[in-house]
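Labels for the chains are A, B, C and D, by order of writing; each one numbers its residues from 1.
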Amino acid sequence: MEKKWRTGITLHKGEDTYIRGYKLLDLVGNLSFSQAIYLILKGELPSEKEAKMMDAIFVSVIDHGIAPPSVIAARAVASGGNTLNVGVAAGVATFGSAHGGALEDAMKFMQDNIDKNVGELVKEYIEKKKPIPGFGHKYYKEFDPRTKRLMDIAKSLGFYDKYCAFAEKVEEEILKQKGKKLVLNVDGAIAALHRKWGLTGGLEKDFSS
Amino acid sequence: MEKKWRTGITLHKGEDTYIRGYKLLDLVGNLSFSQAIYLILKGELPSEKEAKMMDAIFVSVIDHGIAPPSVIAARAVASGGNTLNVGVAAGVATFGSAHGGALEDAMKFMQDNIDKNVGELVKEYIEKKKPIPGFGHKYYKEFDPRTKRLMDIAKSLGFYDKYCAFAEKVEEEILKQKGKKLVLNVDGAIAALHRKWGLTGGLEKDFSS
Amino acid sequence: MEKKWRTGITLHKGEDTYIRGYKLLDLVGNLSFSQAIYLILKGELPSEKEAKMMDAIFVSVIDHGIAPPSVIAARAVASGGNTLNVGVAAGVATFGSAHGGALEDAMKFMQDNIDKNVGELVKEYIEKKKPIPGFGHKYYKEFDPRTKRLMDIAKSLGFYDKYCAFAEKVEEEILKQKGKKLVLNVDGAIAALHRKWGLTGGLEKDFSS
Amino acid sequence: MEKKWRTGITLHKGEDTYIRGYKLLDLVGNLSFSQAIYLILKGELPSEKEAKMMDAIFVSVIDHGIAPPSVIAARAVASGGNTLNVGVAAGVATFGSAHGGALEDAMKFMQDNIDKNVGELVKEYIEKKKPIPGFGHKYYKEFDPRTKRLMDIAKSLGFYDKYCAFAEKVEEEILKQKGKKLVLNVDGAIAALHRKWGLTGGLEKDFSS
C-alpha cells in the first residue's frame, strides 16, 4: 500500500497519544465520555452547557425499542452465533437514508436553505414530491416527543437558534400547505442542534484529510 | 503501518495479476467460477469431476428461503437505506456457530475423529451433552434432502469416501444410542466432502501466511 | 415486527425450497454455480453461451492483488482475531462509489444515455467536470487488460452489442476531447455486458418487492 | 419468522419508550451518556462515583492512533466510497481475540480464578504456554500508562478492590516466574474494574433472554 493516511484528530508521540492536541491521559478522569466525543468531532473542548446538550442528544437516541431495523440486524447477526461486537457492527451498518441516516441529509438541507423563504422552499419540495429530510415519522403523527424534549432543553441552555427556528417553521409550513402534519423528527431536531456547532463541515474535513 | 501482509494466493507482476501461479487473464474465459474458486482455495486446478462436485455443493446452499438469520440481517440493513453490498455484508457476517458456521466445526470434528470407534465417540458426546457439529436441523427431522442429493452425486462421481461413510455412521449411531434422529445436515455433508480435498488445513495455512 | 417481507426469488413449500419456480434439489448437480446465480438474478435459466459469459465476468474480477481497500478491510478485520466470514463481510462492505461500486453507476449511465449523441454527451460531462462512471483506472492508462479480454470473449460469443459499442465509443471520445485516455475499466465493461441482460432493472425490482 | 425476541432492556408502551423501567424522556437532560449506558448494561442507575469511573474508562480507550486494525478497517471501507457509519461498522467488527476483544476473555479469566493461588495459576499458564488474557502489549513493555491512570482513579474513588489487586498480583507473578514483564494492559485493567460491577454475568443474561 503506497497510500498515506493522514489525520487531524490523533497523534502518537513517544509513548503518548494526543487527541486534538490534548494528551489522552490528561483527559482520562477529567472529561466525561460526551465531552471527549465533542472534542474529537469539533477539535475543541465543550463548555459545560454544550456538554449538557450533547448528553441530552445522545441519551435521546440511546434506545428506541426492538422494532428498528438496526436492532433486528444486530440480533440476527448475534443469533447466528457471532460475538456481540459483530452484531453491533451490523446494527451500525444499518443506518442509512431510511433509518437514522436522515440526520446527515437533514443537516445538509438546513445548511443549504437556512436563508431561503421557508414558504417557497416547502412549496418547491411538495411540488417536486421530494421528501424533506428530518420530517415525518412512522409512529409519531402529532409531534415527536424526543424533539419536544430536546428543543425545551436547547431553550433552557440558550441553544435554540436560527436553525431550530427554521426547522420548526418548516414543520408549520408543511402542515399549512399539505394540510397534514409531518413532524420534525428526532433526526431533524438533532440536525438543527448540530448545525449550531458547525459539525457537518468539521467532520467531513477531518475525515477526508 | 509497519506490518507486512503476505499472501500465497495472489501476485502482481508488471500489469499482470497471477493467481496461484496462473495468469488471471488466461483463466478468464477458460475456467468456470467454481473452478476458479477451487483454484484459489486449493492452489491447483480441479478435475472435471471435482468441478462438478464443487458446483453441486455451491448450488445446494445458494438459497434457503427468507427465514434464515443471514437473510433477515441482509434485508434489515438494506431496509435502512443502504446499498445492496452493505446488506450482503451483514448477511455474510451472520454466519457463525449457530448458522452455517457449523461447517468449519464439522470439518474439525471429522478431521480429529476419523480414525476413532464411532460408537464410543458418539457415546462420549452424548454423555457429556456436547453437540456434534454437522448433525441436527430445525426443520428436517428424518433426513436433510440436500445431504441426500449431495451424497448421491458424490457416489456417482466417485467422491464418496471414508469421511462420507464416517459422517453417515455417526448419524446412525446417534439414532441407535439416543433413540432419536439427528440428521446429517447440509453443513455436515459439505464438511465431509471438503475433507476429501484437505480444504481445512489449506485455507488456514494460506490465510495466516 | 409487523412488517412483511416479500420475495419474488425464493419459496418454501413443504420440505422443498423453490428458486424462481425451480425446485432447488433439481438444480443441484445440474447447474453450475454461475448458472444458478444467473437464475436468481434474472429469473430464467441462461443459455450455454450466457453461462460462459457469466463465468468469464466472475473470473475476471475474482482477484486483483492485495492492494485494493476491500482486501485491506478483510484482512484488518481478520487480524483482530475474528472468523474468516466476518473478514469477508468487511471486504464486501468496502465496495462503494470509489471501488467496485462504479459498476452500478456505470449501468445507470449506459441505460440513460444509450441513445444520445456520444460526442455531445462526453462534452457535457467534461464541461461540468463530472466523472463518467466506468472510465479511468489507477494503474491502467493505455487499456484495462480485463476489459479487452471480456470484450474479445463477448465478440466470440455474440454478445458484443450496442452497449459495448457505446462504451468503447465513449472511451474514444474522451481521448479525442481531453487528449488523454481514460480507459474503459473492468467495471464499465461488465456494466455494458450486464445491460444486455437487463440486469439493473430486474435486480431493483425484486429487491424492493 | 416464528421466533420471538425478548428483551429485559427496553419496552414500548403507548408512545413512550422505557429503558430498564425508566421513561426515556425523563432521562434525556438528566443523565449523562455514560450514566445511560451504565443503566442499560447494569439495569440500575450508577452512583456519582460509578459514573465518574465509567467516564474514565470510556475516555481511556476513545482513541489510540491510526495504527490499530479497527482504524485501518474503518478507513479502508470508507475509502471505497461508503458512508461514514459503514466504515465505523467495519471498525466495530474488527474487535476480536487479538484486538480489544481480550476484555471479555480477561473478565472470564478473573471471574474463574479470583480465589485461586496466583503463583500456581501463573505457573500453570506458563507451563501450558497459554496466553493470559489482559496481559502483554505490543508497544508498552514496562507498564501500560492507561492502566496506571485507571488504577489511580479507581483508588481515589474507592473502586480498587480484590479484582484489581488480583490483576496486579498476576502481573508481578509473571515477571517473577518468566523474568520478563507482560504488562497488565488497558483491556485487563478495564476487565478488573468491570468485574466489580458484575458486568459479565449481567450482559450475557440480558442478551440471551
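Note that contacts are C-beta pairs under 8 Å (C-beta built on N, C-alpha and C of every residue); 3 or more make two chains touch, one makes a residue touch a chain.
As the structure is a computational prediction, the values presented were derived from the model and not from experiment.
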(message) Based on mean C-alpha positions, I'd like to know which chain lies farthest from chain A.
(response) B
(request) Sort out for me whether C-D or A-C is joined by the greater number of C-beta contact pairs. (result) C-D
(request) Mind checking the centre-to-centre distance between chain B and chain C? Centres are C-alpha means, answer in whole Å. (result) 26
(message) Measuring centre to centre with CA averages, how many angstrom lie between chain C and chain D?
(response) 42
(request) Starting from the mean Cα coordinates of chain A and chain C, work out the distance between those two points in Å. (result) 34
(request) Please set out, as single numbers or ranges, the residues of chain B touching at least two other chains. (result) 1, 67, 72, 82-83, 86, 89-90, 93, 95-96, 100-101
(message) Going by the contact rule set out above, which residues of chain C touch chain A in the complex?
(response) 1, 67, 72, 82-83, 86, 93
(request) Going by the contact rule at the top, pick out the chain C residues touching chain D in the complex. (result) 1, 69-70, 72-73, 76-77, 79-82, 86, 89-90, 93-101
(message) Considering only the defined contacts, which chain B positions touch chain C in the complex?
(response) 5, 7, 9-12, 15-17, 19, 24-25, 27-29, 31-34, 36-37, 40, 52, 54-56, 58-60, 62-67, 75, 78, 83-86, 88-90, 92-93, 95-96, 100-101, 104, 139-140, 145-146, 149-150, 152-153, 203, 207
